[in-house]
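Structure below; questions to follow.
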Amino acid sequence: MPEKNEIILELKEVNKSFGGLLAVNKVNLSVSKGELRALIGPNGAGKTTLLNLINGTLSVSGGHIFFKTKEITNLSPHRISHIGIARTLQITSLFSGLTVYENIWTAVQSRKKFFNPFIRAFKWQDVKEKTESMLDLTGFKDKAHLVCSELSYGDQRILEMGIALSTEPTLLLLDEPTAGLNSQESMVLVKKMRGMLSGQTIVLVEHDMGVVMELADNISVLHYGSILAEGPPDEIKENEEVKKVYLGSEHA
Amino acid sequence: MVSNLAVAILNGIVWGLIMALIALGLNMIFGLLHIINMAHGALYMLGAVVAWYVIELTGNFWIGLMVAPLCVGFIGLIIERGLIRTIEDKPIITIICTFGLMLAVQQLVLMIFGGSPRRISPPIAYRFPLFELQYPAMRIMIALISIAMMIGLWIFLRKTKYGLWMRAVVQDREMAVALGIPVTKVYMWTFVLGSALAAFSGVLAAPIVSVEFMMGREVLIMAFIIVIVGGMGNLEGSVIAAIMISLIQGVGALFVPPSIATVFALAFMIIVLLFRPQGLFGE
Amino acid sequence: MFIQKGKSFGFILIFILILLLLTALPFFVDLFYQTFLTELFVWILFAISFDLIFGYTGLLSFGQALFFGLGGYTVTILIRKFGLNTELSLFLSIIIPILFAWFVGFFSVKLTGIHFVIITIIFAIIGNIIGDTWTSFTGGADGLTFSPPPFRLGLFQIDLTDIKGNYYFVLAIVAISFLFLRRMIQSPLGKIFISIRENEERARLIGYNVQRYKLIAFIIAGGLSGLAGGLYSLTLKYASAGYLHWSVSGHAVVYTIVGGMGTLVGPAIGVGIVMSLEHYLINFLQATDLVVGIALVFMVLVAPKGLVGLIQSIFKKGETSA
Amino acid sequence: METKKTKKKVEGILKKEISRRDFIKTTALGAAGLSLSSWAPVPFTYGAQPPIKIGMLNEYTVFATEYGYWLGKVGRTAIAKINAEGGIAGRKLELHEYDTKANPAWSASMCRKMILEDKVDLIMGSIHSGVHLACFPLIKQYKIPLFSGGSMTYEFTGKDSLSLHGGYYIRNHSHARSQAVAAWKFGFNNLGKKWTFLNADYAWGHSLAREFGSRVRAAGGKTQDIFAPPATQDFIPFLQKVDPDTEVLFTAFLGSAGLGVLRQTVEVGLHKRLQRFTVICTTEGIGQEVVGKESIGAYYIEYHPRHLDQLPKELHPYEIAYRKACGVDKEGKEVGNPKVTIAGSHMYSMWIYPYMIKLGIEQSGWKDSKKNMDLIKAICSLKLKAGPWCPVGDLVMREEDHQGFNDFYISRVEPDLKLKILEIIPKEKAMYEPETDLRKIV
């Protein structure tokens, strides 16, 4: 268990309802710096919805969200990105017609404020350097010229993380990075993630329990929109209630 | 003044139902298949033209009303098999393709049918008194047919196998394929049905608006607006949208110049689009 | 990866060559072809401004006719009714459409996909209705004529009623606009437009205010469409409510798709091909629309990515087989 | 290339009159991309004199095609006839013909193509005021005479003539003002004093309402104006605004809207309590049988009768020959194609222009564009007598404003759907004070 230090993300009594349906029900959650928090739960438990609330894709119906000490409830996604929360999506979301280089470059320059229409994009030296270092980090140096639809699916998942990282986030929200990968590819991805994401504060939504147990510092279990249990992986593994509603049904 | 208002409201509703009928075929193709068929107005016109020839030959309006949709439905079949099918997953390309088709069909009709408007006499000439004026029963008849078609289509979509298939394809095409639904067939029949409906509404509108090679041009845009504002694939939505447009135009024209009333109607459509982009009755 | 220095150098070389060729052309072709090319340049400007919003930002706007018409009317009405000089009128034919584009875009960019298409059509229809009805100001469907005073820039002066003068004037402005657009597309701003086209959600997630950038693209495209409209009325010495009809936007769509969207050269080639086809056909038959229509259908079946796309794919095939 | 094309056109006309079927065939041929070898030029027979090139613009596609079809046909026939009779001053006429698409901007391009590429000497045709307006800057700049096919904007020969077109616009037919001057009195005396105008909401509809309305009001009548969009389909919202005490409903729409308003007026029963009055433009090129029996009892202002037997007897021989040449039967239908009705009140302009040009050239000694103004002056001082080239009776051109005048006719639709002439209004009664004087320009 990592030592308690600065709290990066804090959710207080967050609600979300669609029409009459309560998708997220009074969720309290706090994530400390450097922690990798996994969110698990059966299908429809509200995991992705919770991420959408945090990064502003959806607006909350009630409650408050704090980033560090600032309230970020209901800010728009691009504002939240600038505050320092990046996110990946369950279904790969890339600039699929552009090259790997351009994908990373676009993400890197999003930290710039002024966009001069008369300057050539590739002349921005600092953006260029940062892009190249990101390509190094993510291991895409040799594939930088490829259009990303030509990449393998696993590479696309990694690239999406690379894009998220290129915005220099304080907090990274990962939505099922292994979705659509077989177990072998998943392990490759996990290895990569360890290298790329060390020291990063992360909220990870994941179905693959192997991945979760391997990576997570703490796990929160969501069930019907509320937090059922919370704790380190070993603890959660032994939790009877969790076994009953979640692990039981999943591994039956 | 009160009587004027009453006439304006009645006519607004009736004319709205006629517009909704014209938009019905578009609602099928556009709402369900998401294909922007610019040639739809041309199919509407073709229906009226074919009916004109049939009525010239047989002297019977109702035969024209039966035959024209069949012919145009067949043309729709050829268009779908020959053109749309190869490009139906590229929405922008379908716009250009059907736009080209529209130009070609209009010119062909101009060459064969001639440029001057022709008439299809209304099969029902009866007019009933309404305050100081009279009102043609034919319009009420078309409005009723419009409602009947709408209900028929609603039942078709919800109660028949093909209808369920269509809705399934709209929901999720890949899933539909996985479930064994013959998706290309569904696309084809939807397009054919939409074309036939276009022709059907063309024949019904012809006694009011005259048959002419350009008759589909402005109607097309109005029908598009109705379908979008009503919500794509949403039948009751497009009826309400059509009635709203024609009510604002008709009642508004009592108080302000007609062009201003039309601008109001369009501004209203913009507001609906902004606040309910999913359509009037969309979820 | 981004366009490399060498490729850019090649472009500049070709661009200068074409420009030189076009500059020399009036000495070799008769007056009619000069006027034909002048019109062609204007439509190229309109098509590339449309391509900025459609091909680069991914928004199919049928409202460009509104800005084209506004630009045309700005020049016509300011010169005819207010006696303004040509320089200022032409400048305002960018500014006034920009203001309208700001207003229309403010609402329109909130919507996406087909809803965006329809809302821009509705705005164009409203413009057309007002233009048609407000005859005392716009001349309605019949339109207004005017005769432009010479264009002055310092000591420099161009007589726009002279065909050659008009030709060079339009050529210069369109060439500058082309370079401006090209540079903008290569700039960080252009990269943002492209990223919005490629994946709006991703662009938003990495921190771009997508609506604002869409609005910026819409405004720039609107201003350039207005300039095209202004040049068009300066060339014809005429403007009418017909400029505002949504089908004028349809022209731009056709040109762009035929040539190849998302490239600046594509729409320019599209304009050249469609207009030449039309002007060639008109010598033989009245029903040019029949052939143009069939050609369009044929075109999208053979080259759905436009001519530029077709050429590129032929090159690629050559590369892989080699 | 260009001479082949133009020769082909005229030769085609000489060989046989171009019928509708030929038009279809040739366009279809062109469409199929077949070679045009079947149009091989016939040997040139006019000696070394260069031809006189005439440009013609008409609405063949898109809108108002019922006019364009006839204006084009009559123009082609007249030019072929002049050529068959030996041309003008020993020179052959060569026709260059283009479609306006009812689009002024496109037409301006075509006009420029004719002037700069085809190098036409004169241009004629089109009923679209916008088309003419868009051509004005060009004809003024290049000093090319433009003969109106049928534009109805009276301002074109009004006080701004000089600044609009520099005197290069010539009109031998009626327009909104001369129609009003000629015919308002008939309506006022015979149909009623309280008028409602239900007109198309653009320049033409507005000017008819203004011209007729101002005269009715000046005579102590009352007027109401209702304008509806030009492409209105449903007229009930507008018809219900008609004042209850209205005696005369004057309508002005083109094409299918023109049919719609006539028909729907009857559908709502308004025809029972008022008289319907309109200009023939409303159903020009459209038979009354297309409007249906709803047109019975409507009054029209015609500029040249549709039915041969309605014409004054003395004009019959000329009219019969004119109709025969253009393929029109005595009821105003196309020969061999009884579904097609003539645009009789407009197309005669295209028949007369070539003859006016012939007389003008002979009188002015015109050789080339240098003497264009002399040619215009000669043409605009012509006083044509009824004859084979002027089947509409005497036609007087007025030098001051380049405007022509001939007789007007008031007709009513009879139960057999025939337009029966009730009154002939002599051209003198249509004349108003000229608003400009173009005689002084050099």
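Order as written gives the chain letters A, B, C and D; numbering starts at 1 within each chain.
We take it that contacts are C-beta pairs under 8 Å (C-beta built on N, C-alpha and C of every residue); 3 or more make two chains touch, one makes a residue touch a chain.
Here the structure is a predicted model, which is why all the values come from computation and not from measurement.
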Partner chains that chain A and chain C have in common: none
Chain B and chain A - chains in contact with each: C
Taking each chain's C-alpha mean as its centre, the one farthest from chain D: A
Chain occupying the middle, per Cα centroid: C
Distance between chain centroids, defined by C-alpha means - chain B, chain C (Å): 32
Centroid distance [mean C-alpha coordinates] between chain D and chain C, Å: 36
Chain A-chain D separation of Cα centroids, rounded to whole Å: 73
Chain D, residues touching no fewer than two other chains: 23, 27, 61, 201, 229
Shared-contact residues (touching 2 or more other chains) in chain C: 129, 132-133, 287, 289-290, 294
Contacts with 2+ other chains: residues of chain A: none
Graph class of chain-chain contacts, one of line, ring, star, complete, other: other
Set of all touching chain pairs, with the criterion as stated earlier: A-C, B-C, B-D, C-D
Parts of chain D lying in touch with chain C, wherever the complex brings them together: 2, 5, 23, 26-27, 30-31, 36, 60-61, 97-99, 103-105, 108-110, 112-113, 116-117, 129-130, 133-134, 136-137, 141, 153, 164, 201-203, 206, 229-230
Residues on chain B engaged by chain C in the complex (per definition of touch): 34, 36, 83, 86-87, 90, 92-93, 95-97, 99-108, 110-111, 221, 224-225, 228-229, 232, 257, 259, 262-263, 266-267, 269-270, 273-274, 277
Contact footprint of chain B on chain C as seen in their complex: 60, 107, 110-111, 114-115, 117-119, 121-123, 125-126, 129-130, 132-133, 246, 250, 253-254, 257-258, 261, 287, 289-290, 292-297, 299-301, 304
Residues of chain C defined as touching chain D within the complex: 30-33, 35-36, 39, 129, 132-133, 135, 139-145, 147, 161, 163, 232, 236-238, 240, 242-243, 279, 281-291, 294
Sites on chain A touched by chain C in the complex: 55, 76-78, 81-82, 86-87, 89, 93-99, 101-102, 105-107, 109-112, 115-122, 124, 144-145, 163-164, 166-167
